[in-house]
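Next, two complexes with chain A in common: one pairs it with chain B, the other with chain C.
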Partner chain A sequence: MSLLLAESFAERSARDRARALLDAQSFRELLDPFQRIASPYLEAQGVVPQSDDGTVVARGTIGGVRACVVATDGRFLGGSIGEIGGAKIAGALELARRDAERGTPTRLVLALDTGGIRLQEANLAILTVSEICDGIVALRELMPVVALIAGRVGVYGGLSLSTALCSQIIVSEGARVGLNGPDVVETESGIDEMDSSDRPLIWRVTGGQLRFRQGFATELVSDDVAVIRAAVERAFEEPRELGPLVPQPFPDPRLERDAFLRAMEIEP
Partner chain B sequence: MSASVRGRAWFERLTAGAKPIAGLPASVLAADASIDGHAVRAVAVVPDPNGRFPRARNGEMGIDEGFGLATAVNGTPAGSAILAIVDVPGQSFGTREEAVGLQRALAASTNAYIRARRSGHPVLALVVGKAISGAFLCHGLQAGWIGALDDAGIEVHVMSEAAVARVTRMERDDLARVAREVPATARDIRTFATLGGIDRLFPVSNPSAPSDADVAAVVHALTEVLRNPRLGLRDPIERLDAPAALHARALARRVRDELRAQWDA
Partner chain C sequence: MIETLTYEFPANEGVRQRAHVGVVASGNCEILLEPAVDGRSAIVVRTSVSGFGGTWQAVLARFFARNPVAVQIEINDFGATPAVVSLRLEQALESAR
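Take a look at the complex of A and B:
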């Protein structure tokens, strides 16, 4: 047995995550930063744009098969999806579907680390997210669509909704999967509903371990590049059945919040 | 916040006489109506002050609403179109919902709309009130054709102004300035239409209690759309080709084109 230390996936940049998932030497970035497709909307809002807009699209192979990894950069504006990043994801889904229909499938991995729709580009972004949802469902009919949630942010908002449409969902123990971020729940509903500074609680309520236990993910992985690579390859080679999008039993929502959580075996 | 009556008002007018579909949560309305002889399953999400989730009583999309809407859409009879009547102030913001997995409930109705459209049911949406965030994504935005009332009470956005201010650390005055400079951040329906997100705007005299003339204008337009089923079967990505989008979404169009050009090296 190897005594090598685990190599962290979460600590890598989006570009290095994409590189890590593709077979060695097969990485080729599309719309790379030197093409300078950056958001024109951010400067007016006091944000310095980034020349890849925080979303990396890379072609290559996975297990020797044509592939494309889309990775979002959780360190740039919380990995948020704006017009450009959204168009990159929607475009990759559209091209992967075209390839599958032609009989030359491209394995598509959405390596998402994102707080959701970018508020600074709100309605342009939500339009692209509606395209992403449609693109996932259309591609899923033809081949596995793999979401990998293994970053520091996790997935929230419109992208969490989109991810739930994927056929294969891999989550890491450190990742979170929720619709509304803790800050937003606290702002909208008050600190008694959610204390956004209570990090342990947030992980217990939205963390990867809970999501896997609930059956909302096909695989739970540790933060280790080799483990994650193997899980991604397995998702294409031996796809697992994720349950249908129907409600699972839950406690009576009229219970007090803490009692509700305890009934779900979550320590409040 | 006072709960909106618009969704129910328009649903009742557009489905007059049709029997409601049973077995759904009280916050999800569905009925099989006939519009100029075209079979249409109309669906709406409305406030239910007695809803069992405390954070989903004002018309928000919550656990019961997402899954209930999915049930209503999945049950659309063969040959019927679908009309989503949209007046949703957002998704529900609660710890219970997050623990249960609210993203799956919203994905369920999104999935239902997409599969219905892709299997040949024209999907139309009529925005009569708020259309916010995940609630709009999962109820309305998957339609092939989207109409909206031309009314100042309509709001389209991804988050409430208070929460945007907190997350972006901008003052509300700044947000108003930005909305003028960056149309994507505005909240009014006319600006949203400039992004190519709306196929038709309807002037209306009373959005909360539509007059006969208001209803007639909408029915007339819906009839035209139903006569041309292709309109309701369009994928969301086709909105990039809407006349307004040619300019407003030029950047997204460029990304799509260049991605295609670089895909196979």
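Take a look at the complex of A and C:
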């Protein structure tokens, strides 16, 4: 589809992403910003909190079936998961499991866009990630658990572990999936290992396309609301198996540079 | 360090519903706007950039001079410029009317 005709998913806020995934007019937010359940730890550390703690939980329907979308906002503190945001996600998973056990399944979509746990709330945040992982493992026994990684940040850190536990993993070409982010790798292992300002390199080693080819995702989508909606619905109706892990050659920037120079008829 | 500022303005117009706009991200701010019951507006600003109380006063005074709406406003600011704050206030009001 033409870029001009596509309606971007990544450019939307977390709330609008949840609205876009749910059937029209069915969006109903739980613990909305006016409930003011923000992080109580940030202000003491000199960081301005956000009234929804960067995590949106919304009920509605997907394909006419009861659904719940959890969306994190990559713009607020890198989409980091603190105690409140983590508890919202873990709570949604718990309620979805109860619904499935009662025979009234709720389709749960984790639309994650996060750099991982929030360092200002480190221990509590790590605890919620373990609760989230528990919740995903319990729910995937009963029904597909869908992770949608289609934001500007992607998924890094603790939440990349949770993502890997989901039974259906949809990634976009613009998203990234990795454990340690590029800045962390550069700081810990040096600029020879990873130059965090080299955006093409970052996408070549952690980008959505590569992750799909490696077998870490069940579906690759473009940044288009209609395409993503269809992929999410399909993930529940015709869930896919993850393929075998396929090693991909690690791109060596020097070899690529040499090949480019040779193509330009310059001896490297 | 975070600075918390409070302001009050006389107001007489009502709004239909509450509104939430914006995001706490670099150069941006989040605004929660709710209808107020008494004929005045109360604003609480939490900002990561201290020392700009006079600028906030001027931006809010201009907004309420044009729109004397009785509302409670809470702003979580992450270094938004006066222009961005003014646009976010207008956006919140448009959603609430």
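Definition applied: the second predicted complex is superposed on the first by the 238 of 268 C-alpha atoms of A that agree within 3 Å, B and C clash if a C-alpha of one lies under 4 Å from a C-alpha of the other, contacts with A are read in each partner's own complex, and residues count from 1 in each chain.
In this section, a contact is a pair of C-beta atoms (placed from the backbone, for glycine too) under 8 Å apart; a residue touches a chain by one contact, two chains touch by 3 or more.
All figures in this text were calculated on a predicted structure; none of them were measured in a lab.
Colleague: Following the overlay on chain A, give me a clash-or-fit verdict for chain B and chain C.
Modeller: When both complexes are placed onto chain A, chain B and chain C end up side by side without any clash.
Colleague: Counting only touches as set out at the top, which of chain B and chain C does A:I149 meet: first, second, both, neither?
Modeller: Neither partner.
Colleague: Is A:Q50 touching anything from chain B or chain C once the two structures are fitted on A? First, second, both or neither.
Modeller: It touches chain C, and chain B stays clear.
Colleague: Answer with first, second, both or neither: which of chain B and chain C does A:D73 touch in the superposed model?
Modeller: A:D73 sits against chain C, while chain B stays out of touch.
Colleague: Does chain B (first) or chain C (second) touch A:V109, or do both, or does neither?
Modeller: The answer is neither, since A:V109 touches no partner chain.
Colleague: Considering only the touch criterion stated at the top, classify A:S13 as touching first (chain B), second (chain C), both, or neither.
Modeller: Second partner only, chain C.
Colleague: Tell me which touches more residues of chain A here: chain C or chain B.
Modeller: Chain A has more residues touched by B than by the other partner.
Colleague: Tell me which partner A:P40 touches in the superposition: chain B (first), chain C (second), both or neither.
Modeller: In the superposed model, A:P40 contacts chain B only, not chain C.
Colleague: After the superposition on A, what does A:I170 contact: first (chain B), second (chain C), both or neither?
Modeller: neither
Colleague: By how many Å are the closest C-alpha atoms of chain B and chain C apart after the superposition?
Modeller: 12
Colleague: Would you please give the residues of chain A that touch chain B in one complex and also touch chain C in the other complex?
Modeller: 46
Colleague: Going by the contact rule set out above, which residues of chain C touch chain A in the complex?
Modeller: 1-2, 18, 20, 23-25, 28, 30, 32, 34, 46-48, 74, 76-78
Colleague: Looking at the complex, which residues from chain B come into contact with chain A?
Modeller: Residues 52-55, 63, 67, 70, 90-91, 93-108, 110-111, 114-115, 118, 133-134, 136-138, 141-142, 156-160, 162-164, 166-168, 170, 178, 181-186, 191-192, 195-197, 235-237, 239, 248-249, 251-256, 258-260, 262-263, 265.
Colleague: For a test of understanding, state which residues of chain A touch chain B in their complex under the given definition.
Modeller: 28, 30-31, 35, 37, 40-41, 44-46, 57, 59, 83-84, 86-88, 90-92, 94-95, 116-117, 119-131, 133-135, 137-138, 157-158, 160-165, 177-181, 183-185, 187-189, 193-194, 205-206, 210-211, 214, 216, 245-248, 250, 252-254, 257, 260-261, 264, 266
Colleague: Could you pull out which chain A residues touch chain C in their complex?
Modeller: By the definition above, chain A touches chain C via 13, 32-34, 43, 46-51, 73, 75-77.
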